[in-house]
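Each of the next two complexes has subunit A plus one more chain, namely subunit B in the first and subunit C in the second.
Our next item is the complex of A and B:
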C-alpha cells in the first residue's frame, strides 16, 4: 500500500463505521455517552460499539436492562441535563415503548422552554426484515417523520453510517438514526478524514433521465440492483437516496423529478402513510399530476418464514415491474 | 500435494472477510489443530485451524487485506520442497476447522 496518498478511503465493515464515528465523537466531546442493551463489554448486538467500553469505561458506555421506555427516558433526561447520550434500541419495533419520552418530552423540550433547554439525544436503532418475525422486522421510520422537533436519518452506505452518526451526535435536538439488519454484513469505503454527512441532504446514487426513484436505507441497494437491469432495457433511472427522512430534502427531490417528470418511491415499510406517501405528496405540490407510484411492504405482518417474508417486502424484481409500469 | 486455503461460508451472510493475522511465516509447518490465520467477519473473529498437517508456502492475502469468500488466501503443500504452481485455483482445499469467537 506504500506510495498511495493517505487520503485514499478506508475500507470498513458497516459496524466499524458506526464504532469509529461514535468513538471519535466521544473523544471530541466528554458529554457523549452510550446506553443500551449489550453495548458494554459485549460491544453491541451487531458489534457496532466494539472497543468503546474498553476505551471509555462503564461510566460512559452503560449497559441497560431490557426496558426501552426507561432507556429512552433516561436518554432524554440526561440530554436535558447536559449530556449528549446515544441510546441504542436494538430492534426498531421496540422504539414503540420509548415513544412517550421521545415524542412528548424530547422532541418538544426546546419549544416548551422557549429555547432555554434542548434534548440532544440520538436514538440509534435497527429496522428491517431478516428472518426474525412479526415483532423484530418492522420499518416504522415513517411514523416518526410527522413529529415536529424530531429528525430522522437512515444511512444506506458505510460512508453515511459514519457521517450521519457524527452529524446526529452534534445536533441540538433529538435524532433517530435508523440502520438496517441487512446492512451489517456489508463493507465499504469511508473517508479517512472526519467528514460529516449533513442532515437534510439527499444523495443522487445514480443519475438518470426517465424516472426518479426515491428510496432510503437498505432498499437503496435493492433499487440500484433493479436500475442496472432496467438500464439494459433502455430505461434510465435516477436514484435518490433520501438519507434524511425528516427534514426531507425537497430541493434535491424537486430537481430530480423536475428533470424526469416521473416518480417511484420504494421503501421496506408500509405504503400507507409511508415515506413514499410524503415524498409523493410533496412532489405533487411542486409538479402537479406527473406519473407516480409507491412501492413498499404488503399490508401484512412480516413473517419469520423466509418465503412469506420475501413475499411481503419489495425486491429488485418488483422495483423493475413498478418502474416499467410507470414508464410504459 | 498442493493445497489452497480458501474460505467457504463460515457463517450466514458473510461475503467478505478481512485478514487479521497470520500465525506462521512462509515455510512454517502446521499440525492438526494449529492456528493458521485469524480473520474478521462483519460480526466475529474467526480462527482458521489446520485440519491436516501442511507447510505454508505462500500468503495471498496479507494482514489488513480484504478478500471475498471463496478467494484463495494461502498456498500449502504436504512437503516444503514441492513446486507450487502460480495458478492454484485448481488445487484442492486444505482441510481446516473454524473457531468462531
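Our next item is the complex of A and C:
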C-alpha cells in the first residue's frame, strides 16, 4: 500500500520458489493438482514440492508409478476435462516417453477441436548436467520448440522460477516448465507480493552495446559470469535471458541485436537445430548478415565423467572466447 | 436395456451412414466399423448422460452410438466448418463432449491414458459420471495400456476399458503379435473385473456393459470388457483387403444387425413393417446429414492458423 515502507524481498532457494508458487496456486484454484514420482511425502526429488503433500493431501498431490507416458497422458486428459494438473517429470530425458500425449493430444487439442477444448497442463521437468550421465543430463527443450501450440519456459532466477510457474499454471494450453539441477541449490530474491512473469517475454539481464548474448536457464548465470570478465576487457555485452523459448520474444531480441549488431547464442543443449539456431535464423531474417555465433554442447552425449562432462558443455571461459572472436 | 427398436435403429444408422459416406468420392480416408456396430451400440446402451466416451480412430460408430448429431458428424468427416470440430479434426479426432463423446484420438493406445485423465478429473472434482474408453486389440501391444491399467487400478478410477477385439491390426492377425490367448486375462491381473464377450451380439454386449458400468459407477474402480468382433471391411477405405472372398462372405453371415433384428422378429417384438419403416427413416436421416454437411463451407485457408496457441 502507498505510504507504507516497502517490505524487503524474500530470500528463497530456487526449489522453495517453486514450492511457494505451486502452493499459492493450489490454494487459489482447487483444480490445480500435482502428479509425479516422489512428489508426495518425499516432497520431490529436489524438495521442490516440499510441504504440498502435508497441506493438500494425497488426492491433490499424487505419487505415480514410473510411467511417464501414462503420467503425461493423464495430465493432458485431466486438463481437457477440467483440472489444471502439474505433471512432474524428474529428468527431462524421460520426457521422451511422454511426448505422444503431449504433442499429439495436448498441444493439438485446441486446434483439432476448432477451439472448443484445451489442455491446460504444466509439465515441469529438470534438465541439465550434474554428474548423472548420458540419459539423465540432456537439455532437449529445443525439440519442443517446433511443436505448434506448446509453450516452453525456462526460468534462470528465483523470481522467475516463482513467476513463470504461476503464469504457466494459469495458461489455457500446455506449458513445459524447464528447470535445471544446478539451479535448485541457488538462492535469490523474490518479491513478497504475488507476481506473474508473463509468458512470451524475454528479460535483459545486463545492458550492453557491443554484443547481444541470448541464453536461458542455468546458462544465464554462466553467461553473466563471462560478461563480467569481458567487461574488464572493455567489451560491453547485453545479456538477453529468453525465459520463454516458445513462443520466442522476437521483439526483445530484435531490439537488442538492432543496437549491438552482433549475436552470440549460448545453451547447454545441442547446437544443431538448437535454441540458438532458431534465434540466429530469426535475427538473420531481420538484420541480414550481422556477425553471429552459436555456443552449446559438443555434438556428443554428456558423460557422468566429470572431465568429459565439463569438456562437453559450455562454461564461462568458452563464452568469453566466443564473444572475443565475434567482436575481434 | 433401452428400447430394443432404438438400439436396432442405431446399428442400422451406423451401417447406412458409413455406406453413404464411403460411396462419396470426397470422403478422403475413413475407418469404418461395418460388422462392429453391436460393440458401440451395446456399450452406449449402458452409458448415462453424465458419462463420457473416448474412442480410437475407428470413431464413426462410437460417435453415432453416443448420440453425436449425424449432420455435424458428416460435416466433420467431410471437413466442413459446421462439423463438431469446425472441420479441423476429421474422423480420427471427432469430439463432442456436450453429448458425452469426449472424443476420438487416432493414435492406437494413445487415448487410454487420456481417458484415465478424464476419469481422474471426475474423481478429484467429485463430478458425477464414469468414463468409457474404446480401443482395438492392436493397443494391447502398446506399453501405455499396461501403465494405464495399473494407475487406474491403484487409484480406483471410474474408468471402463472396452477392447473392441476385431482380430486384426491392419493386416496382422492378433495371434501373430499378441501372446495372451485371452486379452481380458491381462486386466484381471491388475485386480479389476474383466470379461470376454461375444461382440457380435448386441444383447450380450449391452448386458456385459451394463454389468461392468454398474460396478464402476458404484465406486468399485475400473473394469474391463473384451468384445470379440469381426471387421467386415479392410482396415480403411484406402487399405488393401488381404482376406479371401469366401472368408469374408462367411463372416458377413454373422452380421450383428441381422442377428439382433432376427431375434426381435422371432420374439415377435417387431415385424417386417417396423424394419421397413426404420429403413426409410434412416435413409432420410442420412440424406439430411449429407445435405447439412454439403451446405456447410470448408474453412477458409486462414483457419490454418487459428486456435493453434
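Here is the rule we use: the second predicted complex is superposed on the first by the 322 of 328 C-alpha atoms of A that agree within 3 Å, B and C clash if a C-alpha of one lies under 4 Å from a C-alpha of the other, contacts with A are read in each partner's own complex, and residues count from 1 in each chain.
As a convention for this text, a residue touches a chain if its C-beta (ideal position, glycine included) is under 8 Å from a C-beta of that chain, and two chains touch if they have at least 3 such contacts.
Keep in mind the model is a prediction, meaning the values are calculated, not measured.
Participant: After the superposition on A, what does A:101 contact: first (subunit B), second (subunit C), both or neither?
Facilitator: second
Participant: Given the touch rule stated above, what does A:78 touch, subunit B (first), subunit C (second), both, or neither?
Facilitator: Once the two structures are laid over each other on A, A:78 reaches subunit C alone.
Participant: Touch check for A:14: first (subunit B), second (subunit C), both, or neither?
Facilitator: In the superposed model, A:14 contacts subunit B only, not subunit C.
Participant: If we overlay the two complexes on their shared chain A, which of subunit B and subunit C does A:184 touch? Say first, second, both or neither.
Facilitator: first
Participant: Looking at the overlay, what does A:114 touch: subunit B (first), subunit C (second), both, or neither?
Facilitator: Touch status of A:114: second partner only.
Participant: More residues of subunit A are touched by which chain, subunit B or subunit C?
Facilitator: More residues of subunit A are touched by C.
Participant: By the touch definition at the top of the document, which applies to A:42: first (subunit B), second (subunit C), both, or neither?
Facilitator: After superposing on A, A:42 lies clear of both subunit B and subunit C.
Participant: Report the residues of subunit B in contact with subunit A in the complex, numbered from low to high.
Facilitator: 13-16, 18, 40, 42-44, 66
Participant: State the interface residues of subunit A toward subunit B in the complex, per the touch definition above.
Facilitator: 11, 13-15, 46-47, 184-187
Participant: Show me the residue ranges of subunit C that touch subunit A in the complex, using the header's touch definition.
Facilitator: Against subunit A, the touching part of subunit C is residues 52, 81, 83-89, 93, 95, 97, 102-103, 105, 107, 110, 112-118, 120-122, 124-125, 127, 143-144, 147-148, 150-151, 154-155, 306-309.
Participant: Under the touch definition given earlier, write down the residues of subunit A that touch subunit C in their complex.
Facilitator: Those in contact with subunit C are residues 30-31, 33, 59-60, 62, 64-65, 67, 69-83, 85, 100-101, 104-105, 110-117, 148-149, 151, 173, 247.
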